[in-house]
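Below are structures written as structure tokens.
Presented sequentially are two complexes of chain A, the first with chain B as partner and the second with chain C.
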Partner chain A sequence: MTFSWKRVNAIFQKDLKDFSRNLAVSVVVFLPLILALFNGRAGENTITGHFMTINIAFTLIATYVQCCLIAEEKEKNTLRGLMLSPANTLEILAGKSLLSFVLTIIVIFFSAYLSGYNPPNIWMISMAIILSSIFYIGLGTLLGLVAKSVMDSSVIVLPVIGIFSIGSFVLLLVDKYPILKIAEYLPNVQLIELAEKIEVGAEFSEVLSNLGIISIWVIAVILLTIVVYRKRMVD
Partner chain B sequence: MENAIEVKGLAKYFSNFRAVESIDFHVKKGEIFGFLGPSGSGKTTTIKILTGQLDPTVGEAFVFGEKVSKLKNSNARKRFGVLTDNSGLYVRLSIFDNLKLYCQLYDLPISKIDEALGFVNLKEASKKKVSELSKGMMQRVLLARAILHEPELLFLDEPTSALDPVNTLHIYEGLRALNKKGTTIFLTTHDMHEADTLCDRVAFLNKGKIQLMDEPRNLKKQYADSTITMELTNDEQVTIRKDAAGAEAMYQLMMENRLVTVHSNEPTLGDIFVRVTGGELV
Partner chain C sequence: MALKFIDAEKHINDTIIFPSFSLDVLPNEVAAICTSVNVREQLIDILLGTKLLSNGNIQNLSEKRLAFFFLNDGLYERLSVNELLKFYQQLYQSDESTENIIRIVQLDLKKNKKIKDLTYSEKKRAQLACILLQNSEVYIMEEPDQNLDVESKRIFISVLNQLRLTKKTVLILTSHLESAVTVADKTYRLDEKGLHIVQTEEVQQNVSDVEIEKEDKGIQPIRFEKIPTKVNEKIVLFNPPEIDFIESTDGQSFIHIKGENFPCSFTLNELEERLLPFGFFRCHRSYIVNLQKVREVITWTRNSFSLVLEDEKTSVPLSKTKMADLKGILGLK
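So, the complex of A and B:
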């Protein structure tokens, strides 16, 4: 299978133009920044505080925005046009994800700056954030493919926002409800754990398990997305 | 002549509903083939199977000799263009931006946009936002998109359904010109006049089955009722049979200088369809 960056870029350029004119969705980009600004002003300087903003950026931009972009393509029958064009599955999915990826990274960068988060090992955190972005974008794509309309996508994305942006607080209830221990394996919880380890000077080998668990989520969501996408191609 | 499309025993079932039932046909390269039938007869389902958007339940379909299930690579997709009822446009973008995306996907120069818009009579409106267009204009943009890469095979599902008569004629001329350049056209329509005007061969589809397939001229000959209608000077209409008695009657009227017009009573494709299927075209 060939892979053309030219086609990926064409879809990205189109999305960028379309997104800039879609105020209903594009306004969401500012929410994590506002939250980060409040956090910074309030002097909130804990990893949990910083990563609440970052996880909200993931769920709102990487997942919600991506979900809306895909659901709209489906609802307006433009996804069918892309599917019938020479662009293959990977090119379409990469092209459709690039805008959400760029936006997520930019917003997380500025959120970290506004809330005063300054990790001691920027490379390890960057790697974890890039991996997490891919997971959340994959999740958004998957939900967008499942949603029947943009309106529908706004509803089905709500549990995701709940679980992945504030899910880490569930761990406070583990003593009372041991079953909630499973939440430790959520990618957002793993990201916070990784950030906490880095904060106390952990080496790459010490965060490998966290990166591994996030990678498993990434692989699972990508495979599931490709299966659902291919099914949508012929229904 | 080589076939652009070949269909053998094709069927598609949705739960208990049989959308297409064991159809066989072929479309020769360079032909305009009309797939005619009322709404719900299976036309769109057939196009979707032929373009790889649906998998058949039974049977096989080949496009350019390749099984349709193998048409998913980019080189195969560059060979055909599609306009169906489930084609959509980016409404917040201009006509130009919509077509620019497809130029880039097909690796075409941007100058192709002007050519395609000229084809659908929309050159002047290229900067207009799609959300500001009428349904007919949108249909023309979709058609421009389908022919942008000058495909060898063009699938058109009711291409002029939302167009006014002037633009319909313009599209007919364009399709004929494309066909002359070598594009094979597979057209579905319920407009019998459209089929008669454009198609080299037609197939009548009803309740998922092909009822009849031939050149429109042959069908009309086959179903002609051998009568002639004459209009007389007193506005009276007289129908005669094409035999010796009829010729005698016509001769008499001509001698009396009472004959104004003579029409052979050829059935239209619509008449034939109704006779063959016993149903109406909706």
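So, the complex of A and C:
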């Protein structure tokens, strides 16, 4: 079956209208922005500070919003209608992810602007951010498919917010508990590491390992999502 | 395009859900299968392709060509009717105009209202509009007229007529015989004994009348007016004026009184004979109604009618030929 942008666009526009009228979920969009504003005004100007807001934006918008969008389709019994339509799996997932992707990028752009983050190599940072947002959206889709309702999804997403937004502080404890070294491979920690390297003027080849690790996370989460989606389709 | 069931049967472990049956639903025909909730759900899962038949097959079962009208289908509640239809139009890349379809389901006045502000019947009409947009060949409908208000029911029946004209195949799955008989051209009953057609024409009636007259040689000496029914080995007697209506399913007659039903050992023909003096009327091959309790006669189309009883919830089908008789009884011309 051919991939049709018209159908993806139809789902995107429907979600946009639906989302803008759903205040309970759409209000989280402003949270990273407010945080960024405080950070910027307080003169906090470290990479960790900037990426704290960016990681919160990832978990809240890419993961939480995506999770709610998918869970709501399931709860209201509309996902079945979508699955029965001519749209195929890829189109449905792409259409459902497009809104959270666009929102994430916009919010990160503005929060970077508000907190005064100005990376020397903007292209490499944007690439890393786009790659990470795909990972977080994939994670959100996965959780949305597992959650039974919107209520469920806001609970399920809590540990994710915990691990991926504040998780970077775990590194401070690595000297004490060597087991926590695993945390270095988390995509958020990798993103911060990458940003720090770029800040001191690293070349593309130097950050390749960080991008590689994030890509592995992306591929893993996409595969898992497709497996779970197929399984849910049969139920 | 016809929908064909060929020797379809389903059993789970040792329980027979439905035995082997064959059924052709032709284009420009509305068929209804009247069955229990369990069988209905199994049939829908099979039509959806999520469950398989134990034996036999269904022809023309390519999922994307079937349009489903589910009982519990969700609509995007925060969109307006217009936006919802635009979305489905784009999704299905349909060339039907949304304006036209909104007019068919008569939601013109509500088209800018959000779905969540509509009543249940209006939501069902919006759902109907969505499946009309799909412009599919075969429509599968689950309990389409359950809990609908009278106006929406009428719109639904006129939509069915339109589907007939455009040579679509419609299969209705319901557990209410009354609604099946009212809307469908052919009604079937599917249970663990198999698929039986529910006679809606009056062809065989004369034959059975003659047979019963032959059997009725020994007339009871005392005329007894109460109607006996059986409830858990007890025999309960009812006064004829208490009865709302009597329905016959699979040769067993059931007496309906205030929403409850009681099996009765008499056949409809015997009951009709007994109850005629009390103002009862055989309004359909499988129904006798207490005319005292009829509140309204609804005309769906030129040849499909229903009688609404005093509780304004129950309705009983009235066949075309009996409509003339009823007019006679009422003294109308």
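Throughout what follows, the second predicted complex is superposed on the first by the 234 of 235 C-alpha atoms of A that agree within 3 Å, B and C clash if a C-alpha of one lies under 4 Å from a C-alpha of the other, contacts with A are read in each partner's own complex, and residues count from 1 in each chain.
The rule is short, and it goes like this: a contact is a pair of C-beta atoms (placed from the backbone, for glycine too) under 8 Å apart; a residue touches a chain by one contact, two chains touch by 3 or more.
Just so it is clear, the model here is predicted, and its values are computed rather than measured.
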- Joint occupancy of chain A by chain B and chain C, clash or fit: clash
- Message: According to the stated criteria, A:R80 is in contact with first (chain B), second (chain C), both, or neither; which is it?
- Response: both
- Query: If you stack the two complexes on chain A, which partner ends up touching A:S209: first (chain B), second (chain C), both, or neither?
  - Reply: neither
- Look at A:N118 in the shared chain and tell me whether it touches chain B only, chain C only, both, or neither; answer first, second, both or neither. neither
- Have a look at where A:I11 lands relative to chain B and chain C in the superposition and call it first, second, both or neither. both
- Given the touch rule stated above, what does A:S149 touch, chain B (first), chain C (second), both, or neither? neither
- For A:N88, is the partner it touches chain B (first), chain C (second), both, or none of the two (neither)? first
- Message: A:R21 in the overlay: touching chain B, chain C, both, or neither? Say first, second, both or neither.
- Response: both
- Message: Quick check for you: in the superposed arrangement, does A:T48 touch first (chain B), second (chain C), both or neither?
- Response: neither
- Message: When the complexes are fitted on the C-alpha atoms of A, one of 24-32, 222-230, 258-266 or 312-320 in chain C overlaps chain B. Which is it?
- Response: 24-32
- Message: From the superposed pair, tell me which chain A residues show up as contacts to chain B and also as contacts to chain C.
- Response: 4, 6-7, 9-11, 13-14, 17-18, 21-22, 76-78, 80-82, 84-87, 234-235
- Note on the structure: chain B residues touching chain A in their complex are 51-55, 72-75, 77-78, 82, 86-93, 97, 100-102, 104-107, 145
- Message: Under the stated contact criterion, what part of chain A meets chain C in this complex?
- Response: 4, 6-7, 9-11, 13-14, 17-18, 21-22, 76-78, 80-82, 84-87, 234-235
- Message: With touch defined as at the start, can you tell me which chain A residues reach chain B in the complex?
- Response: 1-2, 4, 6-7, 9-11, 13-14, 17-18, 21-22, 76-78, 80-88, 233-235
- The answer for chain C against chain A in the complex is residues 48, 50, 63-64, 68, 70, 72-79, 83, 87-88, 90-93, 114, 130
